[in-house]
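Two complexes follow with chain A in common, the first pairing it with chain B and the second with chain C.
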Partner chain A sequence: MTATIVAQQAINGIVLGSLYVLVALGLTLIYGVLVQINFAHADFVTLGAFAAYFFMHTLGGSYLASVGAALIVGTVLGWAVNVAIFAPLRQKGSELLPLIATIGVSVMLQNAMLAWFGPVPYAFETPYSQRVFRVAGTFFTLQSVVIVVVSTGTIALLYAFMRFTFLGKALRAVAQDRETAGLMGINPNYLIMLTIVISSALAGMGGAMLAPVLVLTPFAGASVIVKAFAIVIIGGFGNVEGTIIAGLLVGLIESFTTQYLDPGWIDIVVFGLLLVMLAFRPTGLISERREENV
Partner chain B sequence: MNRRDWLTILALAAIAVLGAGNASAQDKTIKIGALFPTSGPGSYFGAQDKQGVELALEELNKAGVNGYKFTVQYEDSACSPLPASQAAKRLLDQYKPDVIIGEECSDATLAIMPIIEQAKTPMINAGSSALKITDPGNPYTFRIMPNEVMQGVDIATNAYNKLNARTAVLLNENTNAGIGNAKVFKDTFEKLGGKVVAEIGFGRDVNDFTSIATRVAGVGKVDVIPTYTLEGQGLKITQALAQAGVVKGGGGAAIQLGTIWLPFGFEQKAGKAATGYVRIVQFDPTDQRDIVKNFVKNFKTKFNADPTHLNAHAYDQIMLIADVVKRGGKDAQSIRDTLAQTKSFVGVTGSVEFDKNNQNTKMDTIHYMETKPDLTWNALKWN
Partner chain C sequence: MSDAAIVREASPWWRSRRAGFLIAALAIAMLPMVLTGSYWQTNLTVCAINVLLALGLDFILGYAGQLNLGQSAFYGLGAYVSTLLITKLGVPFWGAFVAGVAFAGLAGMILAMFAVRLRGHYLAIASLGFAVITYQILLNWISLTQGPLGIYGIAPPPPIAIPGLPAISFRNPVALFYLVAGFTLFAYFILDQLARSPIGETLTAIREDEVSAASLGINTAAWKVFAFGVGAAVGGAAGCFYAAFVGTLVPDAFFITESFTILSMVIVGGMGTLIGPVFGAILLTLLPEVLRGIGDLRLIVYGLALTLVVLFMPGGLAQAARIVGARLGLTR
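Entry: the complex of A and B
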């Protein structure tokens, strides 16, 4: 019985951790390239969740297609917000203005969603959440399998993009030294826009993956974003590999804390770990030089 | 001054007097302040409460009551103590209501209570269950629903006697109401001879309940799972318990027990997982009393939807105020004093008679419903 429970909570933790990784990756990317925190990331996640919901329930699309739709909505949103708000503020040369603007965008989006979608929680059912597999005393839904597969695929694609494509290398160059990258013929503004677009596309897709798990309201993203920030810090600011490990770790901590302590202890354990990391290993789990991040 | 001038002066004086009379008639207004959550996880309460209030006002203001019309001012109290206190102060300072209705969440209501007592403005509560609201309470706070003890004792007794439950797992959000309700169930159930095999509390930020369902599945045989949480988390808990094969909706044996916190339509959102769910509701739409049939009909006409218990109890709050005005209430103090003497108000949710702590003593506002496989309700008629 104990081994079964341990296996079950490990499965639960990996599924939850995969979702956290999807949300935290976008934050990590933005921090790695722009050294900036995007407080509106949670609302990009929520909007992605709603985009998937309406694509599936109003337009009659399949769940997997709705994930694609959420990704597109995230991409367009990221591009629009960058062009309309972040880029003009960056041009004024202030680091603080875009940071404050992300708070403004967050509040604006949250209230716009409240006006459009209302406060009543939506039930986002997919054909995969009803399909339950029972193996050797454990259980998992087809939805869980989809979450892990899509998360793994996304992480692999992002990693390949960053390591092996010209644009990925250029992004890393901008992360290392924006001015020198500019002197080498790389357009930093274009790459910053690309970073924000990739990050918000990931947020949109993360929202679609989270939607069947989350309590879907206009405030849904806010409930996971605090943990996503903790994951980014535990993993190492801007470090993709660290974020993946930290995301899975936090998912597992949640599952096992629920089983052996109490759900009320989850935040105490996770944020206790965050404080320990800040005190003894402020560079995060993967302590590369910052220029190696992203 | 000639005759024509005198006539003009007289005409103006008459207009002034009539105008003053008119203004006086228009001034005969009972100002109702509504403290409802319209943001955050409990915002569905506010959205549905408003509908009930609007229907009641529409019906009452056609003719008025004792020459009084009713107006309402809403403030977002967010189901949380700090925004609720700020909203209450704003409402009292700016709108100066004669009576207040709300809040829904116990923590928020408890935070508002000293403020309205200081302002000597009565408040009618319909959705908060924490015992402390009326025990000891304060002279200005009235509650028209049974408190957590009345509800908890009733649910635990029915679980033991009617469902033959002997073991239970308690699931509750870590709030005053969640913890309080769970404690009353536990005390009563164990006193009757039942055993609580696990108590699991969680914050409102928990989204994934698979781990909690796993823990419940691991504790062995469970007959009932009383669950005290808001709609969003309630949905996820029910689905996770079904996936884990614990509750009837997932092929298990346990029966989930729910509270009036869940709105109507919960079962349709939860899907098959909700099969076998037994919960109390504050309003029975199948009730054959004329007052209920008219309410259902008028609500459908106005909003093109079936009313929920939140719609119903907000409607009753306004109708109770109208009843008080009919009995002579005209300002904050007289409304408070008349409310306290309420013995036989009949509303759509049930009846109201306040005890010395301003707690409704009537239990006919609690209706037990069981979810059938087609997700409709079977009224259990236990009260």
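Entry: the complex of A and C
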């Protein structure tokens, strides 16, 4: 009995964790390359979710196509935030101004969505939410399988892109040393743009996957983003492997806290872990070779 | 042209600091007489509380250069700690006030200790997380805070009896405004003294270049913790007044959105000056009241203002005033 509960919560945790990884990876990528935080990342998640919802429920597209629509919306938003905020503020060289400016964007987007879509949750039904599998006393929906498969696939693709393609190598070069990378004939501005666009596309896609499992309101992204920030710090800012591990860890913490304590404790436990990490291992779970960013 | 510059006195009397405080005190005294009616007098007190909150945040952000997204939490801690001490333990108002301020300040310092060795971003996120969990605790610790039901019927500060004069009752909104605005002016005075002392220069040095500051022997971590404590304590004081002023406490008043509102006030006013956030807070408090139509869109306007000011006028109203002043030949 208890073994079944543990297995069930492990499944729930991994599903949640893969969603968090998708959201947190974007934050960590931007931090790795720019040493900046896009606070509006959360709202890109929400906008992606709404894009998918309307693409599917109003335009009658399939769910997988609506995930694509969310990806495109995320891409456009990423491009826009780079052109409007990150690129012009990069010349000023301030550490906090871009963060503050994106907080403004976030407040604006969130309340614009509230005015537009209202506070009442939208029921995001996908054809996969109804299909339930039962394995050895545990159960999960096809939607959960889709989430884990798409997340894992995306992460694997991203990893391969970073490791094995020239652009990925250039990106890592810019992350390590922007000036020197520029001297080697790499255009840092273009790569920074590319990073923000990829990250935001991930956020949009994350929104489309997250909305059917969590509640779709204008605050859907905001409820995830604080955990995503915690994941990014626990994993080590700018560290992709660390972020993946930390994301799954936080997903598991959430499901087990819900089971054994109370859902109200989730943020408190996650935040406690964040403080412990800041105190004892501020560079994250995996801290070698990333010293240049801290 | 250059002759005029030489002839000019060091500074005209009306631009001295003392005159500034005198004018501010006069303005505070006059305002409830000019803006009569309980609607405006209520708004005046809201303004004073928001100015206090913005001053606290500005000390951390504008002087020490650390982004505090947890001001809503310090605000809430001040409000709840003082109120609970009064209602549950019967502590007198001013005792509870001191305890609320001290608690918020200590919470700020302890939080800052975790993140000060790292880049400013870490402190920003740690303080954001702190704001989230403080809200969660206020909401979920029902036996203590009554959660979403809230605490009702909080009494205003006790009347002050001066021999020979009628007692000043703070049930009178004008008296309460004088109390809050008077304290805000006092806080401004203290922060101004701090900012212009070697402490202020130390903090500015950390803001401008932490590595250089550390190389000059400045204990940057300790000073950042100090700045965080001062700013959080000022936020806590605002919370104590808020509880006494509104008479009702619900956790929603201290949601993270409140941190962003305070941040907008500081940025729009001009971080790194104390006078800027004063006007930023007043402007952003009164603007939605004046433009009734935007009611629900208030936060959209705040967000837009925040972004546009950072992009085009990072020094806020203070910078704008300096530019206009220079054009008109009022300042050097």
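By our rule, the second predicted complex is superposed on the first by the 286 of 294 C-alpha atoms of A that agree within 3 Å, B and C clash if a C-alpha of one lies under 4 Å from a C-alpha of the other, contacts with A are read in each partner's own complex, and residues count from 1 in each chain.
By definition in this document, a residue touches a chain if its C-beta (ideal position, glycine included) is under 8 Å from a C-beta of that chain, and two chains touch if they have at least 3 such contacts.
Keep in mind that what you see is a predicted model, and the values were worked out from it rather than measured.
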| item | value |
| --- | --- |
| First, second, both or neither for A:230, with chain B first and chain C second | second |
| Which of chain B and chain C A:22 touches, first, second, both or neither | neither |
| Partner chain(s) touched by A:162 [first = chain B, second = chain C, both, neither] | neither |
| Which superposed partner A:88 touches (first chain B, second chain C, both, neither) | second |
| Partner chain in contact with A:267 - chain B first, chain C second, else both or neither | both |
| Touched partner set for A:148, first chain B, second chain C, both or neither | neither |
| First (chain B), second (chain C), both or neither touched by A:47 | neither |
| First, second, both or neither for A:214, with chain B first and chain C second | first |
| Contact residues common to both interfaces of chain A (with chain B and with chain C) | 226, 262, 264, 267 |
| Contact footprint of chain A on chain B as seen in their complex | 38-41, 43-44, 46-47, 174, 200-203, 205-208, 210-212, 214-215, 218, 231-233, 235-236, 239, 243-245, 250, 263, 269-272 |
| Touching residues (chain side chain C, partner chain A) in the complex | 61, 65, 67, 69, 114-115, 117-122, 124-126, 128-130, 132-133, 136-137, 139-140, 257, 260, 263-264, 267, 296-297, 299-300, 302-308, 310-311, 314 |
| Touch list for chain A against partner chain B, complex | 1, 5, 8-9, 12-13, 15-16, 19, 114, 118-121, 123, 125, 129-130, 132, 134, 139, 141, 210, 213-217, 219, 223-224, 226, 254-255, 258-259, 262-264, 266-267 |
| Chain A - residues contacting chain C, complex | 31, 35, 37, 84-85, 88-89, 92, 94-97, 99-112, 115, 226, 229-230, 232-233, 237, 262, 264, 267-268, 270-271, 274-275, 278-279, 282, 294 |
